[in-house]
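In this document, chain identifiers A, B, C and D correspond to the written order of the chains, with residue numbering beginning at 1 in each.
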Amino acid sequence: MRVSGLGETMGKEKGMWKLRRKLALSPLILAAFFLAACGGGSGGGGEGGSGDGGEVVNIGYSGPLSGGASLYGENVLEGIQMAVADLNEEGVEIDGQPVTFEISSLDDRYLPNEAATNAQRLVQQEDAAVVFIPHSGGIFAAQSINADRNEFLLGAYSSDPAILEQENPLTMMIPPRFDNYMEPFVGTTMDEFGDSLGLIPTESEYGQEWTDQVTEEWENQGGEVLSNNGVDYATTTDYAGPVTQALSEDPDVLFVGGPSQPTALVIEEARGQGFEGGFIVMDQAKVEEMEEFTSEENINGSVGVMPLIESTEAGTEDFVARYEEEISEDRIPVSEVGYNYQAMHVVAKAMELADSTDDPQAIRENIEPAIAEVEDEYKVINFPDGFTEEGHLAGPVVATFVEDGEYTELEVPQEQ
Amino acid sequence: MLLTTKNLGITFGGLKAVNEVDFEVERGTVAAIIGPNGAGKSTFFNLISGFHKPTTGTVTLDGEDLTNLPAHKTVRSGMARTFQTTNLFMEDTVLDNLIVGHRVRTKSNIFDAILRTPRLRREEKESRERAMESLAFAGVDRLAERTVGSISQEAQKRVSIALALATEPKILLLDEPAAGVNNEETEGLATLIRKLVEHEYTVCLVEHKMSMVMGLADKIMVLHHGEKIAEGEPKEVASNEAVIEAYLGAEEEDDA
Amino acid sequence: MDALGRHWKKIALAVIFVISLFVPFFVQNNYFLGVIILGYIWAIATYGLNILLGYTGQLSLGHAGFFGIGAYTVGVLTVGYEFPFWPSLLIAVIASSVLGFLIGIFALRTRNEYFAIFTLGVGFVIYLVIERWEGLTGGALGLIGVPYPEGIGPIQFDGPGSLYYLILGFLILTIYIAWSIANSLVGRSFMAIRNSEELAAATGINVGRAKQLAFAISTGVAGLAGGLYATYIGFLGPAIVNVPTTFEILLYLLVGGMGSLSGPLVGAFLVTTLFQFLQQFEAYRLVILGPLVVIIIIFFPKGLAGLWHAAETRIRKRMNKNPAPDESSESAKEEAR
Amino acid sequence: MELFLQQLINGIALGSVYSLAALGLTLVFGVLRIPNLAHGALYMIGAYVTYFALTSYGIPYIVAIGISAAVLALIGVIVERLVFHPLRNAPHTHHLIAAVGVLFFLQSGAQVLWGSEFREMPSPFTGVINIFGLNIGQQRLVVIFASILVMAALYWFLKKTVPGQTIEAIEQDRTGASLVGIDANRVSMMTFAISAALAAVAASLVAPINLVFPTMGEALNLKVFAIIILGGLGSIPGAIVGGFALALAEVFSSTYVSNAFSEAIGFLFLLVVLAVRPTGLFSKGA
């Protein structure tokens, strides 16, 4: 017992020592928290700008900047950043005052509630009158607060027409509605390849909606839709299984799409397994990005959105060059970058016309006239020609059909 | 007879860990189960107290059939046990460890807890009193507010016996109550066990220390390889050939 | 000495309560108010986990799933079937609790790591069901337009201010329930199981049933938090039900302190606030947070509550002018007895 | 029939990857009782190391996999020393939570260091082989054969070498092994090293038919857990059988039942197995 008693005593001393060490460590931890917090306060912040231009106008952005969708979130942000750099360089005066634009960007990890919290924060802490959000979940969540709880104009980057159905008075939907793509996409591929359609889209919310619409349109035009072999592009290890499965029904056309790179893998796998038909590519996937992950030949016979680099708008060429110079040499600017770039220019013009940087209502009312005022050099892709009642930057849209390595233009009719 | 087992046995993966053991404990006595390492003593305890389900035989306590009852139900019927390692919660006080011992005799449920009903208050009070009584019985009431981790090994043994007492048992099964304590303290624990019997509890213990058992038990059963090889008063057992052989053989095995 | 300590705690509690009542008056900023409200909601969910993990010692990694069942029950009933909010919330709590009870029948056959991973699987399956069952849950698109609660008598719930009080009320109710469980024979049974299942069974506790009860309470509380979340945010998407949410709740509990009454509140509040502070770090946030979690679990496994407790004990010892004999010498005396 | 065979090959290729990843996880669990939720993150880091060895240094594919395995073995040891060793006597909940911390760190660290873009790993085996009307990518055959090779090597190591036998001894009988005087520290580090190296090999093999990105381990993580639970935590044959079983179940349920069902099937199957047999299929003495 003596021995075990001694052990106990020693154990206790050790315990005491441990406790002391813990207590000593705790201020360190607190300091770490504190440092982290302070560092956080000064981070983020503005982009571009000469800094001498009077009043600072904060533009809010909440999107996925970490996790699986962060590249997408960064692309959208890059577009806004490039526009802000233009504006600050050019020097904007609003209501007789020179202003400098800054961007406050926050990460929402693609979560709707985080997006809504971020939007509130941007409005209340950063005095942002405009907040850009690039995913429909976050847009819906923000729509529940932007009209009554905190007023702000929502720059909604999502091609989902459901965001217009909310009849939210302060929403500006930026990209073309995806439902308009259906008719030409289906018509073109059905004429070209035949009337049975296989489905291997991604299983995201967006993928589901596209699948429903494509299915409906394909059947409307008299085609046959085969079974749905969609898989979640974010979590699938090997696409061979679903592709084999889809091809076993011998489709003429495959509907694919999700992020560009996995979409390229699906196409490559399908070609590898001997598929010779066409592809309908969901607008989330960018043909020009896919080219880097699979050979050009494989993409032949695809319909999809027009690559920004192939666009014929007045400002496209300069824009592409600037992107390579200022943002990234490895990546090419995709349409997300371009659409948000244009939208930011429209917003700035609307602020000028409204003589206000902080009244979302007034800015909203001036979007329509602002569209006509935007200089041609800032038009890079499917620039809108009007702003609908529901809040959509609408206009003629050109998509593409890839034939023999060429991007042929495909008119997209605009029926609202 | 208070406790009776008939043909009690269990098989683990083809091995008969306990093989058809008949055993009886008379009310108000101390019975001991001894045997070399791996003889199946603890398994036998686990069978009686419902921690293992027997493959053969029956267990009866005070005329009530406990065979196949789960452990917590055997406690309700009056079976209480301790473990070789006390398993007490070291960071809590002795009293806090003890109060739950009376839980088995109480009825209050979650709604009583949330609504703070009179029944809950009454039962809490009873449990606390019962805990203090048991601690006093075991001679450790003055340690009630100390954390278990800060009291001696022997005191912990006493606390775990007190915990068993708090369940208001008819019989106490003590699994090596003197393991890890010195001779002097062993004597103290033996005194406690005698006191239990004086107060009309019945005790059944598994013990390694022959000296303790010889002075304490009214009756001893010897298990070897899961089988009962001897049973009787301490003197009879001590002189039993088979027992001596079993212990010697076991020692040789240990040495090897 | 002890009485003084208790007194001190009561005063502190009263002060905190009064402050919490006036929060909407001095926080005129909806963003701050929003962060606080969400902090409360997560605190409620964390109390749920604490009952299972902190008191009963069973690590469930399916907590977000039950949070989601509560949220989606309210969402589906109010949006899809135009049910009033209050009965929907009641149904949400009952549904998540009953489902927890039923799943517990199977889940609690497993122990330790198996239980953790089993519940991880349960949580993931709940997520998949919510994400795939488009007809009911809106699938990946989610549910839009969950209404605010209907007014009760003269009280209207029409903005963050009134919602703040509603959710504060539920938080206090939850804390009360947690307290009353912890300080009852039921709670003592839970803690006995956490300490040692064998010993608990040997003292007559029906371990299986007690665990199942703890699981059902835990999932019910998670469901309550989910239902409140649905009405506060007004929009539901499946992401909130997914496994990372469970890990977040676990983190709150861990930082605050498992098995303590104040831990869930402190942890949920501090970490959600910290997350807001770390916002600008974007991806770097988790680079900081990861090692922090490891440091906490290695050095402060009892969280802030444990740290506080240790500091308090030390301060008391210091303050005591006639210091008690060193514990080791006392136990030496005892041996000499 | 053709469809069946094609899917069978796909299932076997997928199963080899699952099995390799699951083996590492089950080893760590069997020996150290640590459910390492960060395993998927180690897998992801393994893919990146191979990727950079290939693209930045032009090292041949097979050699790059070896380098990646070595680097990850080192990272595994570091993680064991810094995180799990200090927690060796802590309750199992602490291991799980610490593993989540490691997961956060590695995954977000990868994003910060290398960006979140998808990368394509070039492999010398790009062709498609046509046998009996089946189209099989060469890389898939590489995956299958390399996995078998690695599994055989692991088997040989555990059965025929002294360090391997010490690992097996601990796995089978912890108290017995400690009585024999096996150095638990060394075994612990060695186990983590092997586990991380196996994850690296699995990731490097599968990356050319998929992509390399920071969250690539996330989806796999839950699946390998399902596999090792299914097989019985700590059981090596269980991990292998479980890996192939899950892959085939996924592939064939999507072929013959429904695609939406295939992702859930693994988990439903897992839940059913655990409900019936709470410690998994291959565990000793449930």
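Keep this in mind: a residue touches a chain if its C-beta (ideal position, glycine included) is under 8 Å from a C-beta of that chain, and two chains touch if they have at least 3 such contacts.
This structure is a prediction, so every number in the text was calculated from the model and none was measured.
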Exercise for the section: Tell me which chain's centre, taken as the mean of its C-alpha atoms, is farthest from chain A. Expected result: B
Exercise for the section: Sort out for me whether A-C or B-C is joined by the greater number of C-beta contact pairs. Expected result: A-C
Practice task
Measure off the straight-line distance from the CA centroid of chain B to the CA centroid of chain C, and report it in whole Å.
Solution key: 39
Exercise for the section: Could you put a whole-Å number on the gap between the CA centroids of chain B and chain D? Expected result: 47
Fill in the blank from the handout: Averaging C-alpha coordinates per chain, one finds the centres of chain A and chain B separated by a number of Å equal to 68
Problem - Whole-Å gap separating chain A and chain C, where each centre is the average of the chain's CA atoms - result: 34
Problem - Set of chain A residues in contact with two or more other chains - result: 1, 5, 8, 12, 66, 70, 203
Completion exercise
Note: chain C residues in touch with at least two other chains are 283, 285-286, 292, 327, 331, 335
Problem - Set of chain B residues in contact with two or more other chains - result: 150, 152
Completion exercise
Note: in the complex, chain A contacts chain D through residues 66-68, 70-71, 74, 203, 227-232, 234-242, 244-245, 248, 259-262, 265, 269, 272-274, 292-293, 331
Exercise for the section: Note which residues of chain A are touching chain C in the complex, please. Expected result: 1, 5, 8-9, 12-13, 19, 21-23, 25-26, 29, 32-33, 36-37, 39-41, 43-45, 65-66, 70, 105-107, 110-113, 116-118, 120-121, 123-125, 136-137, 140-141, 143-145, 149-150, 162, 166, 203-209
Handout entry: Contact footprint of chain C on chain D as seen in their complex
Key = 29, 33, 35, 82-83, 86-87, 90, 92-94, 96-98, 100-109, 111-112, 116, 222, 225-226, 229, 233, 260, 263-264, 267-268, 270-271, 274-275, 278-280
Practice task
Going by the contact rule at the top, pick out the chain D residues touching chain A in the complex.
Solution key: 2-3, 6-7, 10-11, 13-14, 17, 108, 111, 115-118, 120, 128, 135, 137, 140, 206, 209-211, 213-215, 218-220, 250-251, 254-255, 259-260, 262-263
Completion exercise
Within the complex, chain A is touched by chain C residues 29-32, 34-35, 38, 134, 139-142, 144-145, 159-160, 229, 233-237, 239-240, 274, 276-283, 285-286, 288, 292, 295-296, 299-300, 307, 310-311, 314, 327-328, 331-332, 335
